[in-house]
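In the two assemblies presented below, chain A is common to both, partnered first by chain B and then by chain C.
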Partner chain A sequence: MTNATASSAILSHLHRADGSATFSQNGYTVIGAVNGPIEVQRRDELPVEAAIDVIVRPAAGVGGTRERHLESILQSTLRQIILIHNFPRTLIQVTLQITNTPEDKVAGSKIVQASSHLAILPTLLQTALLALLSASMPLSVIFTSVLIAAHKDGAITSLTPNPSLVGFESADSVHVLAFTLEGKLLLAESQGTFTLDDWDNILEMAGSVCVPKDGADIEGGVRIEETKEDMTTFVKCTLEAKVAQDLHWYT
Partner chain B sequence: MTSAAPQSTLTFPRETFEKLSPHPYLLAHLQQASASSPPTRPNGRTPEQFRTPHINNGSLTHAEGSAVVRIGDTTVVCGIRGEILLASNVAGYRVDKSGTAPSTKPGYNEAEELDLLVPNIELATGCSPAFLPGQPPSTLVQSLSTRIYSLLHSSSLVNGADLRIWYQPPDLSDPDRMRDDEEEDTPEPEVKAFWTLYVDILFISLDGNPFDAAWAAVLSALKDVRLPKAYWDPDREMILCDDSVAESKKLQLNGLPIAVTALVFRAKEAAQSKDKRFWILVDPDTFEETLCDESVTVVVDGEKETKILGISKAGGTTVGSGQMRDIMELAAKRSAQLSRILNT
Partner chain C sequence: MPREVEPSLNEKQFFVKALEENLRIDGRAFDQYRELDLEFGDELGVTDVRLGKTRIHTHITAEVTTPFPDRPFDGLFTITSELSPMTSPFFEPNRPSTTEILLSRLLEKTLRRSGALDTESLCLIAGQKCWSIRADVHVLSHDGNLVDAACIGVLAALQHFRKPDTSTEGESVTVYTLAEREPVPLSLLHFPYCVTFSYYSSTVEEGETVTLLDATLLEEQLREGSATIGINRHGEVCQIAKLGGVPLDAVAFLGCVQIALVKVKEISVFVSKRLEEEAKKRDKGGLMAELSAENDRVS
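Moving on, here comes the complex of A and B:
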């Protein structure tokens, strides 16, 4: 792993929000804030569950159709993991502000805003999860996500987790996958040209990046050397460090 | 109430049952399966059964290409209009072949860089009670148009070469002169303008599965597009179009990707419950869409061996690798059916 793709996170740094997190990965940085359960507007109120409102703000300009699409993906994913039936007739609001996107070295091409929505999706998902954890929101399960680029070279397809911007744009297909802690597939977004067998390989690799090795039943004993630690371990370590820091007076 | 005695049976007509408790209503339908008859949805289809598509091309006279697609009670009109974008109006457009030009970058897509394909979706036409006319675009509309936009580009359906308008400068060098120097021969042809295709998608009625219908309409309309012959007039310094139909050209589409959506209906709404039964319902209608969280959309191109051009799955953990294979098989069947209709 190079420095640019390494993940880093800060938890609970916004003091007025119920929960907050900043997460950087792969050149993207997103600040997330969670408020909830709070009062909900009458028209959005749901009688037996909490309404989830996700707001995505781009790094530059105001949100467009692409942000609405990302919001709807995030909303349907977060609904599955938050215990929404515990908070009927309330609102849980997740605000995500993109603050940094990888710079495009090549002059003359369009700003990153117009490029595919898939590159930013794992970072948004991960930030939302960390912010929810920071808000102590009851969750049924946590998830981790990864971006994978597949390059076709004849019959061989090489897979790169967390590709650079150039690697992303030149890829034959790009995939965002999110897994729950039990290794179940929660979200899959793929673009480009590929076959079902490629997809199975990608699924296997993404599983090994996302889910700890011992608990994964989807992994077929294949070692992938690119990543030393999986995303679940990263989330765990981040939380443990934060808890240790907050409880330093206790010992 | 006249009598205090509880009624022995409580019976409703179907419609009341559907309105009062939609989830058990759909569940009751799907559970009825016996050995002889497969489970049936309230709309009379089996879970793997698609609605019959009807496609009509060229209904709009003023569009370069158009299509009306009807899938059950979902009806979509798609019209494509071509407009001309002058290369001189593109900021920083360069045609040089040097290594620094953006056009030599891997993964460069001219149609995407210059926004030559502009899809827009309109749902506020009174197509369904959920979308009232005169309101700002809903999340669904914005999400759909993003998906159409990214699929148009990621599938590279439209050939970038079809959208360029070339000009061959006349050879003004002295014809009598001996051709002794090889370097100075006929001037290079240059791109003077681009066709920009405005893809407008209007829903006339909506009964579930908007993406599949919209994509089928876009595909059919693109197949119908005839662009007139456009050329650069050096004297007037503008692009002119030829009137004759014989000179006009169809677009060369790369493949024929078909979108297929399926929903996962779970026997119990809560994720933690013991009852893990589920049904995969393809081509859902509005009633089914309100009851299912998890949706899977696959885009397949079955012309050669089945290629996948996109998967998008969200909202649940039921579908794994195995279920995806089943959905792909269904999608391949649907793709064969739709491409037969599209190609006639």
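Moving on, here comes the complex of A and C:
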């Protein structure tokens, strides 16, 4: 496998869906498609806002409670950023197909399935966001997310952003945090045991991975030469490349 | 869910007019397939087939289970092909559409009932332990001819897949992980591919039927009949499915089988070429032959 933590994305590659994206990170690959706003079934119809339907499909097998749980987390997160009040009595359908999960050479494939649901959550969130952007869905704000594993070593807790599979399995606690572009916390899911001090450190580290360090260049767009590690820059660069490719005819 | 949009009258007339002039909308010959592309995933048994704009992702997994009590010597082989709204928003999750039922039925008939995968070789301990091979077919993008593309995807994935090596001592089975022993390929007996023909009769002059191969979505929506022929490269017909539609001349239909054979030979050559290229890529330092725990097959 290539560089495990490197992220890559392809936008608008499925021709029937309104918007689509493939996103790989940390050994996980997810294909996302967004359709909407479309006609909604009567029982799901909401009078003043759009209904959001998230479908998570595993690479192998049919979805179970784990997928339903992920769907509910995604649904409540995406509700916050899509301008749902602009499209009352419609449906916005987000389909996320997991196509690749990191393989464990030592253990069988079943153990990876059974492990925590949090490992794939940042990839799912990011794919959903890219697919929504590809579908030109009006959003109030974009977000970025990160997975953090905390290992306790006596009194010191070491934190790893986007850990490998081994790092993830051996962690004392794992956390998924999502931040909006302004650096506001959008989602926090944790699993395992940790102290309040750990949590403060985790929050700080997650912020530095997700959000650009100086808030100044948010207004001015992306400066490519500044290759920073944060996810916001990644999302911006991906979109910029896509827009440049789509508008190549325009002088 | 919204209803599938049917082609407009203009589209239909344009298509019919073109067909009368022996033309297809995308400029292909009547018996020409779209560009076929086959990619393999990082994991074994993962393929991504593209046939024009149709794109199908197939994932093979294996696990040890108990065989059915009435078939103690057979392993399990299941194909699941659930269409998601990703394919098109007109498919509702958890409610099978006609397309989905037909796709899974045809794959079942062609691959499972024809015995492409030797299920007896999946048996570990008779009546107690066997391998269960599962093929998940994910249709990512639907632009017609799902059956042919899915068939190519599943067969290529089955050939690409390696199941963990096992050893049996009395009643206990040891499954070796990838690090311990090189996994072994599945035992496939033959490779039946599907070829779908679309028929148009009322659109052209009386008594004449136009036959198209590898129909796009528009062509599928406008066709008056279709037949899927499952055939392997030795010319052994595994299944023929002609579900209603226009009546056909028997001799003409035999001609279709001959055309299917030619196409299947082409597809077989393409798939084995891609598999060879992939095997070369995976063969680190040419050690694969030595690492393999598989016995040479005596034939």
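As a convention for this text, the second predicted complex is superposed on the first by the 233 of 251 C-alpha atoms of A that agree within 3 Å, B and C clash if a C-alpha of one lies under 4 Å from a C-alpha of the other, contacts with A are read in each partner's own complex, and residues count from 1 in each chain.
By our rule, a residue touches a chain if its C-beta (ideal position, glycine included) is under 8 Å from a C-beta of that chain, and two chains touch if they have at least 3 such contacts.
Values in this document were obtained by computation on a predicted structure and should not be read as measured data.
Once chain A of one complex is fitted onto chain A of the other, the partner contacts of A:Leu239 are absent, as it touches neither chain B nor chain C.
Applying the stated contact rule after C-alpha superposition, one finds that A:Leu185 touches chain B and leaves chain C untouched. In the superposition on chain A, no contact is made by A:Ile10 with either chain B or chain C.
Number of chain A residues touched is higher for B, counting chain B against chain C. After overlaying the two complexes on the shared chain, residue contacts for A:Thr95 are found with chain C alone; chain B is out of touch.
By the touch criterion defined above, A:His69 reaches chain B but does not reach chain C. In the superposition on chain A, the residues of chain A contacting both chain B and chain C are 106-110.
Of all residues in chain A, only 64-66, 68-69, 71-73, 76-77, 79-80, 85, 106-110, 114, 116-117, 140, 166, 169-171, 175, 180, 184-196, 199-200, 203, 218 touch chain B in the complex they form. Listing the residues of chain A that touch chain C in their complex gives 1, 14-17, 20, 31, 33, 35, 38-39, 41, 55, 57, 59-62, 93, 95, 97, 99-100, 103, 105-110. Put simply, chain B touches chain A in their complex at residues 92, 94, 101-102, 105-108, 112-113, 115, 139-140, 142-143, 145-147, 149-151, 154-155, 270-272, 293, 305-317, 319-321, 324-325, 328.
Chain contact summary for the complex, chain C toward chain A: residues 1-2, 41-43, 46, 53, 55, 57, 59, 61, 63, 80, 82, 84-89, 93, 134, 136, 138, 140-143, 164, 175, 177-179.
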